[in-house]
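Below you'll find the structures, each written out as structure tokens.
Two complexes are shown next, each including chain A; its partner changes from chain B in the first to chain C in the second.
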Partner chain A sequence: MIDYRRRMRANLAIAVIGLVLFAVFPLVANSGLVFLAGLVAVNIVFGLSWNLLFSGVGLLSFGHAMFFAGGAYAMAVVSLRLPDLPFAGGLLLGAMTGGIIALVFGYIALRRASGVYFAVLTLAFSELVHIVITKTTFLGRNDGLVGIPRPVINLGVASIDLTSALAYYYFIIVAMAVVAFALWSFQNSPAGRLIQAIRQDPVRTAFLGTDVRSWQLTAFVLSGTIAAFCGAVMVPFAQIASPEIAYWTVSTEPILFTLLGGAGHFWGPAVGAILFGAIDYATRALYGLSEITVGMLLLGVVLLMPGGLLGFLLSRRTAARRLTGSGKRVPMANAEKAT
Partner chain B sequence: MTYRISRRNLVKGAAAAGLAMPFINLRTAAAQDGPITIGIVTPLSGPVQLIGNFVRQGAEIGVAHINANGGINGRQLALEFRDSKANPNDASVAARELIGSGVNLQLGTISSAVALAMGPLLESEGGVVLTSGAGTEKLNHENYNAHVFRVGDSPVSRNAGLVRHIVQSRPEIRKWGGIIPDHEYGRTTWKIFDAAMRKIVPELTGEEAQIADPILVPYGSGDYRNYITQAMRLDVEGIYTSVYGGDAVTLYQQAKPFGLFDKIDVLLDSANEFLVATAMKDQTPAHWSGFHWYYEANKGNPLSDELYAQYVERTGNKYPMGWAAEAHAGIMAYAGAIAKAGSTETGDVIAALKGLEFDSATGKRRIRAEDNQAVKNAELAFIEPSASAPDGFAVTDYVSLDGEKVIEPATPGQPLDTTIL
Partner chain C sequence: MVDIGLTVFNGLAWGMATFLVAAGLTLIFGILHILNFAHGGFFMIGAYVAYSVMLAFGGTMPLWLYLVAAIAAGIAVGGMGWGVDKLILRRLRHVEDAYSLIATYALLLVCVGAVQLVWGLNYLSVMPPPALNSVVFLGDMFMPTYTIFIIACGILAFIGLEIFISHTEMGRLIRVVAADPWMAKLLGLNVRRIYLVTVVFSFALAGLAGGLLMANQSLSPELGGIFLLQAFGVVIVGGMGSIRGAFIAAILLGMIESFGTYFVPQYPGIFFLVALAVILLIKPEGIMGKEQTA
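The block that comes next holds the complex of A and B.
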């Protein structure tokens, strides 16, 4: 019998510890590094949203950049053209944009395709979004939208000033920790387990009376909404939305995070995103080398650690426990493979 | 009373030290007599790396020149490079990261989109950027920002100068078309070309210019044949193009078999300098190209001669392009401004850059205090295929136009008024 309460406490603890580590980071790092850490925090949830599809419902998306960019551009447009709209409204609109894009494209793609065809369709849709952005004057065409202001959240009695990069960084890490834990809760809810059943055997799950396509679409929309939320949160931090964030290279990022960290573990993409950020920073003065380093590392991980870095570490720990004769279960309850 | 170090006190002390860390800026305290670091954020990988390499060489040669002459107020200059990947996102991350580590003076921006993005960013983070190649007119007009300076020529002085020279030398050519990249830089150049032609042709010839709608081509496309077919259908005598970099080489190579260049009398290229010629050699169509810096036009200027000699020695390439000279000019401008201000603080350097006069590979330049735009001469050269030249092409004519005469009036914060060109 799996102790779900204990599992939840353990994962809540992981989210809180992660939040605390990110929160103390500005005490030891300069503002440039803090900015990168903010982007890593956004990337963690972006990676988790992609893995909700891949390891959750078993759909391979090659077009996650379209959601991220959808959210980012919606937020940018709202901030620049509707400055009176509350910040939360912008975030909501941003997230909804991703949800709507996912609903439209998911509805078409899931009706017509599965497996690799689905992946290619998502890539095509994502390119379509990229092209639409580069051709739309309202969205700044190839040049993007710049000078996006950071908000002051008015709560009536008090206001929270997020105009400084540091204040906004704290907002990002809190928002991302909350979303990450909410995502874990969803994946471990009855609905989350149902979509995992679909990944394992869609035919059998359909036979049990489940509308497989609706659940796949639900997961796709949820994943798109979260990815778009990440984009919407990122934009006031970077203060720029440019078409590059809708480019296919951005779609490959959550895939890289997941493969590096380990697709079979909920926090795998988080480990991958942190590692990816660290490599990017370490190779910042060695132009062109960051891509080579990431490529080599990925090759190494795929060949030597098929379960990703997290999978490798946890399996080592389990093996060590077995050797010492400790019969204790791995306390990180999520270590049980989701695959 | 004895004082004992307890575990609790140690933890308290460590926590206090940790909390105080962000407020103790060791770098600033120690940096007053160390080298002055200038950050270069430019494309050092990907399709525009070619241009980034010129920026890199030019900046390095500029720094070597300053350091060999005693540095600035006794302090040496140093460079810190970051790859912008020609992408505003990566560029903004790199710029912030550099400012975070104390490098507030930056240069190397060559893309218009990146240059426009830098203003608000540097204003909020506290830095300065000198752009060399970014060609959008918005930089010193509606999107003017005190933290961004253009040490290279303004798109107006470049393109309106080009038009004025062509109309004077080939007054019989009235029918013009354009092949323009569909982004900020392309639209800027066309707007200026179109307005300048419509004004200068009647002024000098008494007849109207006939200008066809421009053909807008995508950025980074490998196939321009559809657009070339479209251009073949135009009834024009001259074509203006501002497609640049690897795209221009592809476009020119694909247009050659169609006979596009045989059909027209004049090909006017806004900025490719030797880029197309070194790729196409004796297949190069004869064309006028705008230059940031053409070394032959600046022979006798010691800075230009040194830059050319050093560049050839470092790379073995005999055709350095103007981006090298613009990055070099950026270093000269910083050196002048830091010496004038006696400080490297953002506010002081901005104040010193405004109105600064400095020497460069293209002669004296002056940065206008009103809109942060440098006034420099506009250079253009005629490149044509040559069977006798070792590289298959030769420059057979060049002109250098006085910057004060071809630049538009400063109107920061206002859109460019094309009626005044």
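The block that comes next holds the complex of A and C.
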């Protein structure tokens, strides 16, 4: 229990430090970079939601774009058609849309499919959502929905004006920090522990009396809900919901973040999302360079350091401590848990 | 009647074009048990290579040159397969399924990036050779000769592969290794070499398909992804690495897609996906596949 409190404080500190770093970023960067930073913040939680499935219950989803797009489009439709609805209502509806999509498709996909088959099924479902969006007039077809307003939150006594991009940026980073820490808390709750047990040994966990399928479905719905929340938060920032966010390349983004950063660590996707954003920005001048760089890095990670960047750095630190004999001797397993 | 004939024709065209891409994919899936995302990327590189060969000969070309360009693309991409097996696929054999799937996706990204760097972002379009640029009438039904050519290529590719797999020494060895690599090794077979031959052959098929199909669509760096999902569907519905299964699945899914689009024209592309999901749920091991434990 004491150990849990210590780890909780450490991870809360990580979330707060991340929030502070993102908060001071606009002081040193121009508005274009701040916009990118806002997208990175959304991507961090998008990546975390995907890793809840991958490292949580051991499911490889290739269709997370459908949740992200589901949340984004729900938010866009609500803001354009029901302008009187409070902003929080739009966010809630957006998140719920992702949850419902996940419940329906997850219920079907989890009945039979596992491993590669599950990956291809989620890919197919996601493409289905993409086609439906591009062919439905109500959702703007290939043009998407444009001109989505940023909200003014009315709290009765005072109102918070989020109509400027900078104000909305601050809303994003606070919301993302809160969700990220909530996700950490969930993964370290008894339910989260049970979900991890399912990944490590589904048969044995089932034997202990756990309904593995329904827990997998629970994780799938939770993951979809959070991914959709990210989409819903992103839409007023970009002020457009375009069908590209439902395309399957978006589904692969959280995979890239997670693997680059390190799937075995809770904050791995965060490191990966920041790295990915930096690579994308640094290579923007030459078409194709960004894909080659990210592809090569990802290959290197899978072939040479499966723990990702964070896993690599942490294992180096542990090894160095062991070699010098200074500091506390932290066995590998504990070092991993500590993050 | 004409409508039904045309719908069947379109379904066949979809099926054979997809089969051309899926043939190489199913070979690797059957023997290495890797679902190779990069296949779409190398298919695309094949199309671009064939395009460049054609440009070098002046642009408009007779049928034989079109075929030469496609074969050149097959050889070039087959050579890339040799490098990819040595550098990457060989190392993925003992890696978890999820990670090897992601590694091949990384390779697809590299392909897409390379195509953007070498050929640029613009859409390039290729006219079919003059000999294939006409229309055949069957009663009231008109059929483009290029589409007939693709259907013929698909059927020929299927027959060729069936003969290769069932009646040649190498084909038999490939089947042996697919069935039990450990036992094959005990019997003194050079399993590594057979893997290499399979990969090179599969990549060469991807390149050839790219060359043959290049006139069917405009070339863009997105080309890899467009055919990939269809080919995935065909391979998985067909069953683990079964050429015959993939061929049947290609026709079946092509017909479903074609008839679906005929009856509900608002949503083209959707019926293939729905059919894929339904078939995977009823028979996850595929129509020609054996029961699996995974």
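As a convention for this text, the second predicted complex is superposed on the first by the 326 of 339 C-alpha atoms of A that agree within 3 Å, B and C clash if a C-alpha of one lies under 4 Å from a C-alpha of the other, contacts with A are read in each partner's own complex, and residues count from 1 in each chain.
Everything that follows uses one rule, which is that contacts are C-beta pairs under 8 Å (C-beta built on N, C-alpha and C of every residue); 3 or more make two chains touch, one makes a residue touch a chain.
Treat the numbers as computed from the prediction; the structure is a model and nothing was measured.
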Legend entry - Joint occupancy of chain A by chain B and chain C, clash or fit: clash
Inset, instruction - Figure out whether A:132 sits in contact with chain B (first) or chain C (second), or with both, or with neither. - result: second
Inset, instruction - Could you look at A:16 and tell me whether it touches chain B, chain C, both or neither (first, second, both, neither)? - result: neither
Inset, instruction - Based on the superposed arrangement, let me know which partner A:120 touches: chain B (first), chain C (second), both, or neither? - result: second
Legend entry - Touched partner set for A:82, first chain B, second chain C, both or neither: neither
Inset, instruction - Scan A:255 for contacts with chain B and chain C and give back first, second, both or neither. - result: second
Inset, instruction - Applying the touch criterion given at the start, work out whether A:299 contacts chain B, chain C, both or neither, answering first, second, both or neither. - result: second
Inset, instruction - Please indicate which partner A:287 is in contact with in the superposed arrangement: first for chain B, second for chain C, both, or neither. - result: both
Inset, instruction - Check the contacts made with chain A and report whether chain B or chain C touches more of its residues. - result: C
Legend entry - First (chain B), second (chain C), both or neither touched by A:244: first
Legend entry - 45-53, 63-71, 261-269 or 405-413: stretch of chain B that collides with chain C: 45-53
Inset, instruction - Under the contact definition given at the top, report the residues of chain A touching chain B in one complex and chain C in the other. - result: 135, 287-288, 291
Inset, instruction - Would you tell me which residues of chain A are touching chain B in their complex? - result: 24, 26-28, 30-36, 39, 135, 141-144, 146-147, 165, 238-240, 242, 244-245, 281, 284-285, 287-288, 291
Legend entry - chain A-facing residues of chain B, complex: 18-19, 21-22, 44-45, 49, 80-83, 87-90, 92-94, 96-102, 112-113, 116-117, 119-121, 124-125, 182-184, 219
Legend entry - Residues of chain C touching chain A in the complex: 35, 88, 91-92, 95, 97-103, 105-117, 120-121, 221, 225, 229, 232-233, 236, 266-270, 273-274, 276-277, 280-281, 284, 294
Legend entry - Contacting residues of chain A [partner chain C, same complex]: 54, 60, 108, 111-117, 119-121, 123-125, 127-128, 131-132, 135, 248-249, 252, 255, 259, 286-296, 298-299, 302-303, 306
